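Just below is one structure, and these are the notes that go with it.
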């Protein structure tokens, strides 16, 4: 290296380290009259869509609601206003991990809310555990929740596992088949990522056990935008039921393609996205009878009230699967804080053992998991209603066959 | 004398975690990771001018190797396996592609990253039947940092050695004119291949070292094309054909990213876009060359 | 697999061609930009998306028919491309000289542009999935049901692409463009203003990107994060067709549509993208000048 | 003793036969001109010798070593150096580095001080030693040509291929150039030079080979060749083809 370039290098290093020092001196710590709550969500990148529909609006809605009521109630009856520290994780786990470290060690926030997505929640779980924060993971569908609870005892998994949803769907279809409404052939497609694979792996044995024949069973890569070929194969397969373990772009694309090619299976099931408020618009107003993952008790007053407030404050209705659970998770947190305060250990213990009154009803976690969930829902009369578990209070009757598009 | 400063800096950096918060450490890990990526990228591309967008193909493969093997093998062997996988992959890719030049090479490497991702996805879905994999290793953030720091130091040291070696000269000649290089007795294919494999092995190792921080790994997470783009931008920003150029591009840019995403979470891509365009226009040969030019001009005027 | 062989073959052909039409249209613009203006435009997909969003916004706000909107969006794309070239690309071209410099610079600058446009789209339209319902009903083509909006998109592609091929082959203007594309160095010797032609090429490419984006908005769901997918597909096709080769891009676009449909139908939908890239890489290695290039 | 032997060499581009069954030998220490109108295949033949192109038929040997089928870098290490019709320098390297390259990667594989010495000597030979540490990109055209020659010399070649190295020089420079080449020939290097400037050919080459449309039409003493009716016809015909 020449002499000049060495001096240049040194100076540049000096400038950089000054900049780094300035950057490290972040905002000052929490004050006593406030509760700081941090989250690192995907504002940009591939996860932004999911976070923007299910996670971020609920965080904002909840903070606004709590602050309008005078703040977060404490065990002593006082109220503290919530101050939010928010970062964009750019849909990258590396950035997400750093942001959580920042929230915990730099900003020293009182509580941290989890990010959107299974992979994201797993990536931050060790950090939540290390810093001691309770993690109320909602948007993470995983069959390994019991294992994770053992590994990270302050983690809570509120959305069930792939097998649960797959079994729920098989229940619905088996009942219809037994009633003679549909034949015993099923055409299934799944998106090739952790979620789709989990669901199809859960569904295959369940279908077989219930006496169904999977006449079409293929996976497609994330990012597929053209479904004409797949649906045309499914249509030709002779199955009465079309099942897609899919993500929003795929769920929407398949709906539109099925409509335009006049593919009218008696059961049309899609996964993530089917319960989104924009779905009826995507389906050109013909969503009636479409089944999808999740669901809400549409007749419950609490749910209706939640939908109305969400619509009023966020500007659009919530999705009918994970949104209400997300909001419920925040209510769990709120009520636990009101009972035991901000001490993380006590808080985790309370969340684990207490019972809470939320928009989805009375909630009590089993083994740190929410098991009282809706597995299958269906668009009926303009709202997305839960149809399975059929024996749970609030379940609607499935409508099979689905009316033609 | 020349060695004292870098060694001192390295010692200081190695001791830094004891004085820093977890977030400070996280920042250091990010900065060191990107310094390593940009430096090892520049090891091949800096002098030859072959812009490779396959960074994430190797980086992700490293992470995936760890995800597959972390329960089967002891950690050092996992790293070794990752290095071997990376080197083998680079050898195969290099043998078949290094005769492509210019934009064809750029696009090929871009496509390669996608192909690797699709093939791994397909394999996992159809053969193993699981897609997401877990990395439960007892590696702390500090452990990751020290490993990455060591890898970064090795990369820069190796680059310094190469700059002074026949290989370095050969790479520079290839970057200027391959025809002249060949007619001067430089075996083009072998030279490029050696540098490419070296660079790719380091990239793969970097991915392997970084992966325990993610815990959960799936192709969509580890083969994120942004990593490839960022690496290129950082190396070029600092000056890809200089020893400290990639580091000097990676550190400020990484911090700028972090700062922007904190201060302007909604609009930061817009500012970032302006930043890139600004860099291309204002510092065409990288920061180091830009500062030198400025200095020369001032000395010329004074 | 072979019990419905004949029907399957027809299905693959029809669906593949319709899909390929969109691909071809997208690739045309990129091949013009790279072939004539020497700009490797990584922000191409974002420009495409911007047009798609504009179409949706127009459709929702005013109920304007998408076909009428395309007639407005295409020239708007031309103007945007013209300015982009004049303001951003021209200085890079001017300082690059003959070396490989411009390739690197254009990749970097358009990468910045990618972020910029994506950021603007995110701020303006959010990150939600967007789509409109327009002529969503099916039409039977040789017994294969195809969405009407896709057929229209196909028709637009064939018309725009065909007109461009004819114009390039038959007109003086086309001859000039081709001359610059093939030998940028010697074009000035025969009195061609390379800068002007390059600007036209870039603007025309942007207009095609806009048209492509607008047609995509007619039938596909998209979000502000999808740009890179479009760029990638277009790149693959451009390379397969031979850089700067308009007819090649059209042919490769259709070929890719057919291949994807064939793999998805007859082999495994999971391998569709892998097949795309494998073919693309094979073409690069075997015939870097493109399947339809000379030499 | 024969150094370079070109035996029945053929190169086709698509339907065009650029070099058509050409054969001739060059003796060690000889300086030979290669003439012919534009497009007659001279540069293609040089490219075949240096390995830039591979022959479709025939055999080229250097002192008994077969060159056909080898890569340019292998041929360079056997002892063939060349200049290019359109001058090619390494613009981002210094003059010394430019010239060092073949010394380092050529037959002798010099490194360190030895490589510097060879480079310095070559630069002195062409008169560029004063500017050894400046960047090659800053040189004027004639100096670039000098640099290219110095680079070829630093390879310490057995055979030097000059492809219109004298083209584009003014009369003074041409005189210097001719003297420079003569001094090289005197030092024992065998030279094959493609050249259009007859004055230089007359001054330097006792013997020339003449090509037209890919074929060898003459291989004889320079004075004889330049009055050969075939050769004259080939050159006159050029006006119609071009």
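Quick notes on this structure:
Each chain carries a letter (A, B, C and D) given by its place in the written order, and its residues are counted from 1.
Note that in this section contacts are C-beta pairs under 8 Å (C-beta built on N, C-alpha and C of every residue); 3 or more make two chains touch, one makes a residue touch a chain.
All figures in this text were calculated on a predicted structure; none of them were measured in a lab.
Minimum number of contact steps separating subunit C from subunit D: 2. Comparing chain C-alpha centroids with the centroid of the full set of protein C-alpha atoms picks out B as the closest. Taking the mean Cα position of each chain as its centre, A sits at the greatest distance from subunit D. Note on chain placement: the centre of subunit B and the centre of subunit D lie 42 Å apart, centres being C-alpha means.
Work out the mean CA point of subunit A and of subunit B, and you get 34 Å between them.
Rounded to a whole number, the gap between the C-alpha centres of subunit A and subunit D is 72 angstrom.
Under the contact definition stated at the top, the residues of subunit A that touch 2 or more other chains are 43-46, 192, 219, 221.
Residues of subunit C in contact with at least two other chains: 118, 122, 268, 270, 273-274. Chain contacts: subunit B has residues 118, 121-122, 125-126, 266, 268-269 touching two or more partner chains. The full set of touching chain pairs reads A-B, A-C, B-C, B-D. The part of subunit B that touches subunit C in the complex is made up of residues 49, 51, 96-97, 100, 102-104, 106-108, 110-112, 114-115, 118-119, 121-122, 125-126, 225, 229, 232-233, 236, 266-281, 284. Per the touch definition, subunit A reaches subunit B in the complex via residues 1, 4-5, 8-13, 15-16, 19-20, 23-24, 26, 43-46, 86-88, 90-95, 97-98, 101-102, 104-106, 118-119, 122-123, 125-126, 131, 151, 192-194, 196-197, 201, 219, 221-222. Every residue of subunit B that touches subunit D in the complex is listed here, in rising order: 166, 169-170, 172-173, 175-177, 179-188. In the complex of the two chains, the subunit C residues touching subunit B come out as 34, 40, 88, 91-92, 95, 100, 103-105, 107-109, 111-120, 122-123, 228, 232, 235-236, 239, 243, 268, 270-271, 273-274, 277-278, 280-281, 284-285, 288. Contact residues of subunit B toward subunit A in the complex are 2, 5, 9, 21-27, 29-31, 33, 118, 121-122, 124-126, 129-132, 134, 136, 141, 210, 213-221, 224, 226, 242-244, 248, 251-252, 255, 258-259, 261-262, 265-266, 268-269, 287-288, 291-292, 295.
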